[in-house]
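Consider the two complexes below, in which chain A is the common component and chain B and chain C are the respective partners.
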Partner chain A sequence: MATYDFIFDGLGLRGWCGEKTGGTMGMEELLARNSGETRSLWELPFPSLDNLHDACPAIAQTRGLTSGLESGFLGIKDALKVVVDPITQPLSWFLSGALSIFQTVPWFVMIPILLGIVYIASKSTRLVGMVASFILFLAFIDHYDYAMQTLAIIFVCSLICVLLGVPIGIAMSRSDGLQRGVIPVLDMLQTLPPFVYLIPLIFLFSVTEPKLYGIAIILYAIVPVIRLTDLGIRLVDTDVIEAADAYGMTDRQKLYGVQIPLALPNIMAGVNQTIMMSLAMVVIASLVSAPGLGVLVLRGIRNLELGVGLISGLGIVLLAIILDRVTKAALARVNTAQQ
Partner chain B sequence: MSEQIKISIQHLYKIFGDDPEMALEHVKNGVGKTELLAEYGHVLGLQDINVDMVAGEITVIMGLSGSGKSTLIRHLNRLIDPTSGQVLVDGDDVISYDEESLRRLRRQQMSMVFQKFALLPHRTVVENAAMPLVVRGEDKESAVQEGSKWLERVGLQGNDHQHPHQLSGGMQQRVGIARALTSNSDIMLMDEAFSALDPLIRTDMQDLLLELQQELHKTIVFITHDLDEALKLADHLVILKDGYTVQQGEPQEILLHPNDPYIVDFISDINRARVLRVRSIMEPKTEAIEGPVAGDIDGNDNLESVIAASEGDTSLNYRVVSRGEQIGVLHMQDLVKALVPTSAAEGGVRGKV
Partner chain C sequence: MMKRSIYALALSGAMLPMAANAECGEVSVAEMNWTSGGIITGVTAFLLEQGYGCDVTVVPSATTTAITSLAENNEPDVVPELWVNSAPAYFDLAEEGKVVKASDSFSDGGTEHWLVPAYLVEEHPELATIEGVLDNPELVGARFHNCPDGWGCRIVNDSLKEAFDLEGNGIEVFNHGSGETLAGAMASAYENQEPYFGYYWGPTAPLGKYDMVSVDLGPYKEDVHACNQNTECNEVGVSAFPSADVFNVVTSDFADREPEAFELVQNVSFSNDQMNSLLAWHSNNQASIDEAVVHYLQNNEDQWMSWLSEEAQANLEGMF
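Take a look at the complex of A and B:
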C-alpha cells in the first residue's frame, strides 16, 4: 500500500495506472510492514516521482530522467561527433605540438627563453631572478619535465582563450541583446563543477586525445577574459568615445584606436584570471590523462603518497606565482603607460 | 563684409522618449514641456529652434543646465539626431546625410572642443593634436608636424611628448583647442569648453580664443552657461530656456532691450560698464558737435574705459569715432543712465526673493 494510492483511486485513474507488479519491496517498506505501524502525518513523503510511481506504475521513476538524458546524449553523440571532432582536431595538434616542443627543447635552451619572455613582459630583473630560482628549484628536484608539460598546456589553452574570448567580449560590448544571452552561459560555465564537463567530453572523445582536456580547460578558463573585455570596453569614457565620433572615426578606427587600448588594463586583468583558472583546471584535467604536475597530485591522492602530493602541490603553487606575477607586472606596465 | 550664413538651424525639434513622433504632434498642438512629461512621459529637449550663424562669427548659445544647449550643439554634427527640422551647413541639409557624407562632414568641416577635454589618455599630447588628420588617413609624420605647429600656436611648447594626464586642466584644454585647429575645419563647435577651468585660466583661454579668431575667422559655435563669458565672446547671442529660444541677437541689443523677465533676471547681476560699448548708447550723429568736446573715443570702447578717462565728470561730451570718422556723440549723462540695470522682473526668479 503506497502513500499516494488515494489520489489515483479517488480520481478513478487506477485503470490507467495499470496493475501493480509485486516487484521488489524497499527496505523501508519492509520495516514498516513488519512493525505493523501505520505512518503518521509527520512522515508524509513529498509527492516526488518515485513516491507517485509506488502508487501508480504508469508514472516514471526519477531514475528514468537521468537514464533518459543519458540515452538521449548517446543518441546524438555520433552526429555531434561528426561536427565537433573535426572542429576541435586542431586543438589536439596544438597541444601535442606544444607538449613535444616544451619537452624536446633542452633545459639549457628552454630556461633562458622563458626568462627572456619574463623580462620582455615585466622589464624587471628582480622578477626574472625570482622566476629563475623557482624553475631551477623545480628542475633540481626532478619536476622540470612535469612543470614544462603543465606550462605547455596552459600556454596553448590560455592563448586560445584569448583568441576566442576577446572577440566574443567585443561583440558583447556592442550588443545588449548578445550580452543578455551570453552572461547566463558564462555564469553556468563558471559555477558548474569542472568535473561535470568532463563526463560528456569523455563520451565524445577518446580519453587518449589531448583535446579532451584542452576543451575542458578552455571552457572553464575562457569566462574571465570574455567578461572583462566586455566590461572594459563598456567602461571606456563616453566623452572620449564622443570625441572619436565627432572627429569622424570609423567603427574600426574607434575599436583599435580608442576602445581596445583604453580597455587594455581590464582585458589584461581578464587574461591574468584566465591563466590562473587554466592552471587550476589542468590539475583536475589530469583525471582525463592531462600530463604534468597534476598527474603527480593525482598519484599522491590515489596512493596516499603524502610527500609526492605535497611536493607536486608546491610545484603548482610556484608555477601559479610565476604566471601571476609576470602577467600582473605586464598589466602594471600597461597601466602606467596609460594613467 | 557680406553676411554669409554658414549654418542655419530651421524648425528643429528634439523629443526624448519611446515615441517622439507622437509627442511631436502634441508639442506642435501647443503642449508644454512639463505637461508633455507628466502626461505623455516624453522629455521635450528642443522646441522650434531657428538660428542663423554667420560665417566667421562667434555664435554663443547660452542657457542654464537643462536648457538644451548641449543637445543643440550635438545636432550640428549629428552626435544626436533630431526629431524634426533641418540643419543646413553651406546650404546642405546635414540631417539627410548618409553615414559616408556625415563622416566627411565631421572630418573636414567641423571640429569640436569638449567640456571635459576628451583627449585620448593613451596618446601623447602631439598625437592627440594630430588625431583629426590621422583619422582622415593622412601620413602620420606630417600630421604630427601640423599638430605640433598648432600646439605651439596655443601656447604649449615642449609638452609634445607628455601624456594628457601630466598636464593641468587649462593645458589639456589648450590641447583640445589645438586638436580642433589641426583639423583645419571652417566650423568649430565648443561645448562648455571653458566651464571646467578655474576663473583666471578661463579668462586667459577666452582671450586666446578671441586672439585666434582675429586671425583665423572660423565660424564658432560656443556653448556656455556663463553670461559674462557669453557677452565677452559673442557676435551673436542665443539665449535658451527649457528648450526654446527666449531671445537672440547682438549681445548689446539684448542687454539694453531684454524682451523677457528671464533675461532681465539674468543680466541684472553683470558689470554693465565693462560689457556695454560706446556705440550702443551714443547718439548717432555725423555732423559737427556744438559746445565743448572732451575728446575722441572709439565706438568699441567699453564704458569702463570712458568713465576712467572722464574721471567721473558727468557733464562731458565725447566725440565717438570709428576708423577715423565721427559716428556719433556720447553724453556722459546717457552713460550713467545706461549703467542702471533694467529692474528685475516681478514675475522672474529674483522678483520672488
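Take a look at the complex of A and C:
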C-alpha cells in the first residue's frame, strides 16, 4: 500500500489511475514490505512524482521527465546539428591550425618569438629572463611539445573569448535589460559541470573535432572578460561622460574615445582572468581529447605515477605564472600610460 | 530464584537475534562508478546486511581510488569488480599479502573487443573479421576509436594497431581523452546509424544497450599478447584479447576478521550473460541501480541462496 492512496481513493480517481502493472521496486520498498511495519507520520515521504506514482500509476515517474528530455534532445539533434555545426566549424580550423603552427615551428625559432612578444608586452628584461628560464626548464625536462600544445589551445581560446566577450560586455553595459538577461547565463556557465553539456555535444559533432574542447574552454573562460568589460564601462565617471556630451561627441566617439580607454584597466584584468581560467580547464579539456599537459596529468592520475602528475601539474603552473605575469605587466603599462 | 531465572530467560531470549548479528561487525564495501559494479556491490551489501547482520557502509569509488585506498589505508574491506589489468598495483598488494582475491566477478571473466555495430555487419558481413575491416576502411568510417592514455587497453591497442598496420590500411586512430567520450562516440554513432569501429569492454551498460559485433581478431596467443601488453617489448604481433581478470577483492584483514562474510564474498560471481541481461533490463526500464539489485534478488533466489551459509539462509528465508 502506498502512502498517498487515500488522496486518489478520496477523490474517486481510482478508476482513472488504473492498475499497477509490474514496474520496478527499490531496496527501501523491499525492506519496508518485509518488515511489515507501517510508517509513522514522522517518516511521511514528500508527495513527489515517484511517491504519487506508487499510489496512482497514471501519474508519470520522475524518470519520465529525464527520458523525455533525452528523447526530446535526440529528436531535435539533427535540426540542431545543421545550425550549430557550421557556426562552430571555424573554431576547429583555428585550433588545428594553431596546434600545427606551434608544433612545426622549431624550438630555436619559437622560443625567441615568444620572448620577443613578452618583451613587447612588458618592456621588462627581468620578466623576459624569468619566462626564458621557465620555458627552457620545461624544454629541458622534455615537456616542451606538451607545453606548446597547451599554449596553442589557450592562445586560440583566449583570443576568441576576448573577441566575443568584449563586445558582449559593451552591449551589456549599455542596456540594463540585456545585463539582467545575461548575468544568470554567465552564472550558469561558471557552475554547470562541463561534462553535462559536453556529452550531448558529442551527439552533435564528431568527438574527433577539436572544437569540442574549444567550446568547453570558451564557455567557461569567457565569463570574466564579459563581466569586467561591463563593469569597467559602467564605472567610467559620469562627469567625464557629461564632458564628452558637452563636446558634442557622438555615441561611437564616446565609446572608442572615452569609455573603452578608461575601462581598459578593468578589461585587461578580465583578459588576465580569462587566460587563467582557460588554463584551469586544460585538464578537463583533455578528458575530451585535448592534447597537451592535461593528458600527462590524466596519465599520472590513472596509473598512480605521482611524479608524472606532479611534474605536468607544475608545468601548467609555470605556464600560468608566465601568462599571468606577462598580462599583468601589460596591464601595469596601460595603467601608467593613463596616469 | 524462580523470578530471576525467568528474567534471565527473557533477557537471553531478547539477546538471541542480536547475538547472531554481533558475529559480524562493520564492513565497508566499495561501489564502482559504473552500473555492473553498482549491482554487484548492491547485492553483496544486501546479503551481508540482511543475511549476516553486518553493519555495511557503501563507499562510492573507482578503480584507481579504490586501489590507492587499499594500499594506503587498508580500506574498504570489500572491493567488488576490480579490473586488475587497469590497476597493476593490485599485484604488488596481493604479493605483500594485504589483499586477497575472493572470487571472479564474472564467471567468464571480463571481455575486451574491437567492435563494429550490428547494422553494419548485416549490410557487409565481411566486417565481422579484421581482414574485412582492413580491406574496407571506408565502411567503418576509416577511424578506430582507441582507449584513453593511461588505460591498460591503450598499450595493447597501440601494439595491435602496429601489428595490423591500421594507419597503413587507411584507418586513422583516434585517442580518446576519457571513457565518457569513448562511450559517447559509440552511442552517438549508433543513434545516427553511422559507421563506427572502436574498442569497448564488457559486461558494461553500453554493450548491454547497443547491439555491437566483436570483430574477429584471430586466435589468442599468450606470449604475443604478453608482449603487446608490455611497453618495453617491441615484437608486437597479432593476438585476440583473452578474457580479462575481474576480481572481487577483500583485504586480508577482513578475511581474518569476518570469516563467514568472507565465505559469502568468495561465492559472489555472475555469469556474463546474466550480467548483460541485467544491464539491458536496467537501461530498458530506466531503472536505478537500486532497483536493478532488487530485480536480481527477486528473480534469482536460488542462485544467491546457494552462496549463503545455513544461518544466513534462515535469516533470508521467506523474504521474497
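Methods note: the second predicted complex is superposed on the first by the 334 of 339 C-alpha atoms of A that agree within 3 Å, B and C clash if a C-alpha of one lies under 4 Å from a C-alpha of the other, contacts with A are read in each partner's own complex, and residues count from 1 in each chain.
Rule of thumb we're sticking to: contacts are C-beta pairs under 8 Å (C-beta built on N, C-alpha and C of every residue); 3 or more make two chains touch, one makes a residue touch a chain.
As the structure is a computational prediction, the values presented were derived from the model and not from experiment.
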{"item": "Touching partner for A:I199 - first (chain B), second (chain C), both, neither", "value": "second"}
{"item": "Touching partner for A:I321 - first (chain B), second (chain C), both, neither", "value": "neither"}
{"item": "Comparison of chain B and chain C by chain A residues contacted", "value": "C"}
{"item": "Partner chain in contact with A:L287 - chain B first, chain C second, else both or neither", "value": "second"}
{"item": "First (chain B), second (chain C), both or neither touched by A:G248", "value": "first"}
{"item": "Contacts of A:V258 with chain B and chain C, given as first, second, both or neither", "value": "first"}
{"item": "Partner chain(s) touched by A:L304 [first = chain B, second = chain C, both, neither]", "value": "second"}
{"item": "Which of chain B and chain C A:D239 touches, first, second, both or neither", "value": "first"}
{"item": "Chain B partner contacts - residues on chain A that touch it in the complex", "value": "237, 239-240, 242-243, 245-250, 253, 257-258, 261-262, 337-339"}
{"item": "For the chain B and chain A complex, residues of the former touching the latter", "value": "77, 79, 102-107, 110-112, 114, 116-122, 131-132, 135-136, 163, 165, 179, 183, 189"}
{"item": "Chain A residues touching chain C - in the complex, by the definition given at the top", "value": "24-31, 34, 63, 66-67, 74, 77, 195, 198-199, 202-203, 206-208, 213, 285-290, 295, 298-304"}
{"item": "For the chain C and chain A complex, residues of the former touching the latter", "value": "42, 46, 50, 64, 67-68, 88-89, 143, 145, 148-151, 174-178, 180-181, 184-185, 187-188, 191, 285-288, 290-291, 293-295, 297-298, 319"}
